[in-house]
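Order of writing sets the labels: A, B, C and D. Residues in every chain begin at 1.
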Amino acid sequence: MKIQEADAKGLLLAQGLPVPDWSVAHSPAEARAAAESILAGGAERVVIKAQVLVGGRGKAGGVKLAGTADEAEAVAGSILGMTIKGITVRKVLVAAAADIVKEYYLSAVLDRAARRILLMGSAEGGVEIEQVAVDHPEAIITIHADPLLGLQDWQARDLAFRMGLGGHLKAAVGVARGLVRTMLANDADLVEINPLAIVRETTTDGTIERLVCLDAKVTLDDSALPRHPGLEALRDPDEEDPADARAREAGISFIRLDGTIGCMVNGAGLAMTTMDLVKRAGGEPANFLDIGGGAKADKVATAMALILEDPKVSAILVNIFGGITRGDEVARGLIEARARQTRSVPMVVRIVGTNAAEAADLLRAAKFETATSLDDAAAKAVAASRSMGTSTGAGR
Amino acid sequence: MSILIGRDTRLVVQGITGREGEFHARAMQAYGTSIVAGMTPGKGGQTALDGTVPVFDTMQAAVRETGANTSCIFVPAGGAPDAILEAVAAGIDTIFCITEGIPALDMVPVVEVVRLTGARLIGPNCPGATSPGQAKVGIIPASVHREGNVGVVSRSGTLTYEAVQAMTDAGIGQSTCVGIGGDPVIGTTFLDVLKLFAADPDTRALVLIGEIGGAAEEEAAAWAAEHLRDIPKAAFIAGRTAPEGKRMGHAGAIISGGSGTAASKVAALEAAGFRVAGSPTELPALLREAGYRG
Amino acid sequence: MKIQEADAKGLLLAQGLPVPDWSVAHSPAEARAAAESILAGGAERVVIKAQVLVGGRGKAGGVKLAGTADEAEAVAGSILGMTIKGITVRKVLVAAAADIVKEYYLSAVLDRAARRILLMGSAEGGVEIEQVAVDHPEAIITIHADPLLGLQDWQARDLAFRMGLGGHLKAAVGVARGLVRTMLANDADLVEINPLAIVRETTTDGTIERLVCLDAKVTLDDSALPRHPGLEALRDPDEEDPADARAREAGISFIRLDGTIGCMVNGAGLAMTTMDLVKRAGGEPANFLDIGGGAKADKVATAMALILEDPKVSAILVNIFGGITRGDEVARGLIEARARQTRSVPMVVRIVGTNAAEAADLLRAAKFETATSLDDAAAKAVAASRSMGTSTGAGR
Amino acid sequence: MSILIGRDTRLVVQGITGREGEFHARAMQAYGTSIVAGMTPGKGGQTALDGTVPVFDTMQAAVRETGANTSCIFVPAGGAPDAILEAVAAGIDTIFCITEGIPALDMVPVVEVVRLTGARLIGPNCPGATSPGQAKVGIIPASVHREGNVGVVSRSGTLTYEAVQAMTDAGIGQSTCVGIGGDPVIGTTFLDVLKLFAADPDTRALVLIGEIGGAAEEEAAAWAAEHLRDIPKAAFIAGRTAPEGKRMGHAGAIISGGSGTAASKVAALEAAGFRVAGSPTELPALLREAGYRG
């Protein structure tokens, strides 16, 4: 699960990391009030950043500076409501604009291949790390936290020295350890600071330089959310498709795509394979849908409803290889779902494995079109979609 | 012969008194697997599977009393990492963790301890393994198998069944089928399994079933290119048409940048001498094309 | 550092362990008030326990029951002010008397030989574990927490089953893990619950049995106290000899003994050896005193003052083997201390190692009696004590 | 020959720019120890000991640039466990930790990591070791030593100096003197050192200096009884007159029950063929009585 920058900063702050103050504004007026307070505190300018869960908001014009409260209100007004990669901006973060001396990149990520937490740092901060990886791979410093002891101080120092942060050693060690702590405390897959920056600050004792986290990106391990009830609240309903939310609540993996053939499959690998075969047969999948293991009739009905909500869907392919999942349960769910459905779409059903015979009896009685091989099922679904496609095409 | 499990397997089922544990233990026993013990804390002294299997409170007791050497875990996600560590400490050699939904960071220290002690963990979130005619550990439906000499390794669940069923339907039997699991942090990789198959005299051909995401297939292919040149090999990669940047279920199939794509995996496998199928149903024909005569 | 039962219970409670409520009373009136409130809460009797840092308070009459507030006041009055193993009781713990079904023993201790945390449990609780170890060693169950992962749940379950606590598995696992957590959170050498008890409690739903910690003993690692400022406050000034406190503040290890020859040595092993040789020469050491490494003149002066405070001291043996410690610094400290001292006691000084020659010059100039070998120094000190002993003996 | 340190020792001093670190590094260098590097985070690029020793920010760099194989740690207690782990990770074989006051529980995972990696840690809170005429690592005063063939092992600091000085005064030299440290959790025990001495052809007699508390002396004696029968052996145990139940400084000398007393240690050592001295000054004579002719 991705969370917004402001929430990610909150998690970092809770682990004692140096994150400058921020406010979240849902309207230009709120942004103006936040800016007024920040400017009154001595800041010369404020930065206003769109809060969306997609990258590239800077390029899209979602990050802007303002020198006065008036300007902040206007800038916030221009950002709120804009669309970035299909997401409507509904809130902005307002913070004092930092006087940046130098920008760095630092992240902690679960390295699946090494089966350890990987710390990744670079003196080339503020730009996309993927681009740095392509242009200057040698500029990326990596170190694996010990799988049993966690990140050791010496590892953090080593990273800091190699990133060129030897002059801010203690602070850099604190940030590196804090990232890992944030990761472990919240079961995050990724905790990323970009930029981590040395900024100039004016205090009563004069100008000082310190290391601060200017941006933050955290993604959470969905499997661990049940044990972090507080984190579930950070899910942003503004950015979640209502269909996604329903799928999630039903325990279904669902991703809407652009094609016309709805797919209902058990198992992620088999679901992708089914999509591949639909495409191979000349069709386009309308979705990825994995009903998971041991799915019961009501889950099947929910899955069917999710597929049928998409007006583009002109045929449905059900492919179930029963292991834990019992074929007859799925068949019953399909029959029930069809009884309730308002839109008539051709359906090709293939159920093999556990209780396949019982399923076949039920499906035959209910007059479903069935298939035995997966290739055959894909071909039949594509053919059905084509015949429907003509009619719906005519209807448009 | 076979890998991981076989006639010498003496299985203890951790969580045997749970609904899932009991259901699948029964199926394993029906297949002929020697289930010597069950283990559920607090149920020690009872029996399971109609009185045929003694249940113990601890793995230490289960191993001491029954000589179990393999375990299969059906414990819920919250307790599964602990169950793995208990199996390791009790001296179990081969541990299958079927449990899904274990937080990834919980597994980081566990796989390290497994590595340090020299035990073998398959999974978590894996369907288990079957050595047809000898033993079945996990949840792969018995009906898909046939005795033979093709080693199968896969990171998917139902896709494995599909592929194995296709082979069986075509008269091609398997030495062992292994599902390594689709979680972010797993105990045994494609490469590990290929090495085991390479050392098994009864495995005379290989089928690898991969998915988009990560580089485990590429890593395995690189090793196979060097060490498994003379054996017929076929493969299938799921997700060729998956759009970039979308997460396809918790198999963890994420495409990022140029690595982990179906194209890169197919290329690596073909370079290593695998014949790569466009559909699981093509695997039997490709194996035959590659010279397999089983 | 040892801490009182009530403070130990506080540390356990902070880690979520099941510890029944308690109060601490410094006077019979306070004990009465506490008892009134507990009895009003439904308890049939209260237990009143002397808070002293020595074992065997039960046998000494320091633990008693009371059925009424009057009785509690009287019992507290009889315990407060009593002396247990030389310690005057200045406070008591008051709690509801538990309805004990069965008592167990459970502790977590640092096992130096194994270099791990050892969990030790027994179904023979409520008695001294040392006695159980002698009478029924097989009744003691031990398990080492993993040095990298800590105590695993399966280890705690194993312990609980073997202790016969399978009927309270979840609670027992919670307590075992809590002991280790308490140990790690506070850098304790020992966390002991004796008895850990299954007690019967009456609730609105009827009678239930639950596992609770009825007593608690915690000793803290002195080396770690600097990083636990809150724990230093648990040091009980009532039970610390003022000399011990001064020694501790000066960084000196000091233990008063019964003999007549004061010893000042650098290094614990050498200090014990010096005591051994004093005894071998026919004398009795008045103290163990290790001034530590790198001692400066002022520390030497403090050590001298500590020794001279003891009226039994009739001779002093100073034995310094300079390594980090510089002999001339010690010599200067001795000269300074002698100038200030009000009581005249013969002193034999042996300084070898680093800067021994400079030390010898200083001591010669100041007319100290010196010795070169340790055996010789011990013999001279015993002789000096004997000649003094006659005179002080006559003076008494 | 010698054990732990010798002519091949290439020493890196961790914390070389601190007061203690610099003082003792200078003494070690003066003794002839080859100090190839110093290490203090943030002082990388500087030099120490009058320009003779390069200072590095990390142990990795120190080892890479200088081939250091041994380290000596003068880092304050808060950072010392990390310093040990850094030395281990950098591939240092032999690590002396002089630092005192490290919380005991901090050392539990550290000694386990050291054990798992096969490195050797001496201490913490130890005075170090000297192989007279070859190298000195730590804080034992150089003046007490003399070249020879007696191996000395002790858990005390100044008591060791006393005993070694007595031997040197009597004309008996040492192969290596090792102070293992008096902390609750240490890396190397009496037994470990005896095993090293047993394998050293130039060690022809042994002196063990123990203290009350624990059972490390008894454990070492039991091994010596079997494996070191034919070598002259003498010992001294401090604390014969210490009252029970009193804690004598942080050497951790606690007497509890019947174990760890001076009497039990003396008995175990005598049973193993050690001649046990009543005073450190008697050690030379006892060695000669035991047949030592060095």
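In this section, a residue touches a chain if its C-beta (ideal position, glycine included) is under 8 Å from a C-beta of that chain, and two chains touch if they have at least 3 such contacts.
Note that the coordinates shown come from a computational prediction; the quantities given were computed from them, not determined experimentally.
Enquirer: Quick check: more C-beta contact pairs at A-D or at A-B?
Expert: A-B
Enquirer: What whole-number Å value describes the gap between the mean CA coordinates of chain A and chain D?
Expert: 56
Enquirer: With chain centres taken as the means of their Cα atoms, state the distance from chain C to chain D in Å.
Expert: Computed from C-alpha means, the inter-chain centre distance equals 29 Å.
Enquirer: Can you check how far apart chain B and chain D are, centre to centre, with Cα atoms defining each centre and the answer in Å?
Expert: Here the centre of chain D sits 50 Å away from the centre of chain B.
Enquirer: Could you say which residues in chain D touch two or more other chains, in rising order?
Expert: 109, 113
Enquirer: Could you say which residues in chain A touch two or more other chains, in rising order?
Expert: Within chain A, residues 148-149 contact more than one other chain.
Enquirer: Sort the chain contact graph into one of these: line, ring, star, complete or other.
Expert: Topology of the interface graph: other, matching no listed pattern.
Enquirer: Which two-chain combinations qualify as touching?
Expert: All chain pairs meeting the touch criterion are A-B, A-C, A-D, B-C, C-D.
Enquirer: What part of chain A is in contact with chain B in the complex they form?
Expert: 110, 112-113, 115-117, 130, 133, 147-148, 183-184, 187, 189, 221-224, 227, 253, 255, 257, 265-273, 275-280, 285, 288, 290, 293, 321-324, 352-354, 373-375
Enquirer: Which of the residues in chain A end up touching chain C in this complex?
Expert: 148-149
Enquirer: For the complex, which residues does chain A have touching chain D?
Expert: 148-149, 152-155, 157-158, 161, 166, 169
Enquirer: For a test of understanding, state which residues of chain D touch chain C in their complex under the given definition.
Expert: Within the complex, chain D contacts chain C at residues 20, 77-78, 100-109, 111-113, 127, 139-141, 143-144, 154-162, 165, 182, 184-185, 209, 211-212, 214-216, 219, 236, 238-243, 246-253, 256-257, 278-281.
Enquirer: What residues of chain D sit close enough to touch chain A in their complex?
Expert: Residues in contact with chain A: 41-42, 44, 57-60, 79, 82-83, 85-86, 89, 109, 113.
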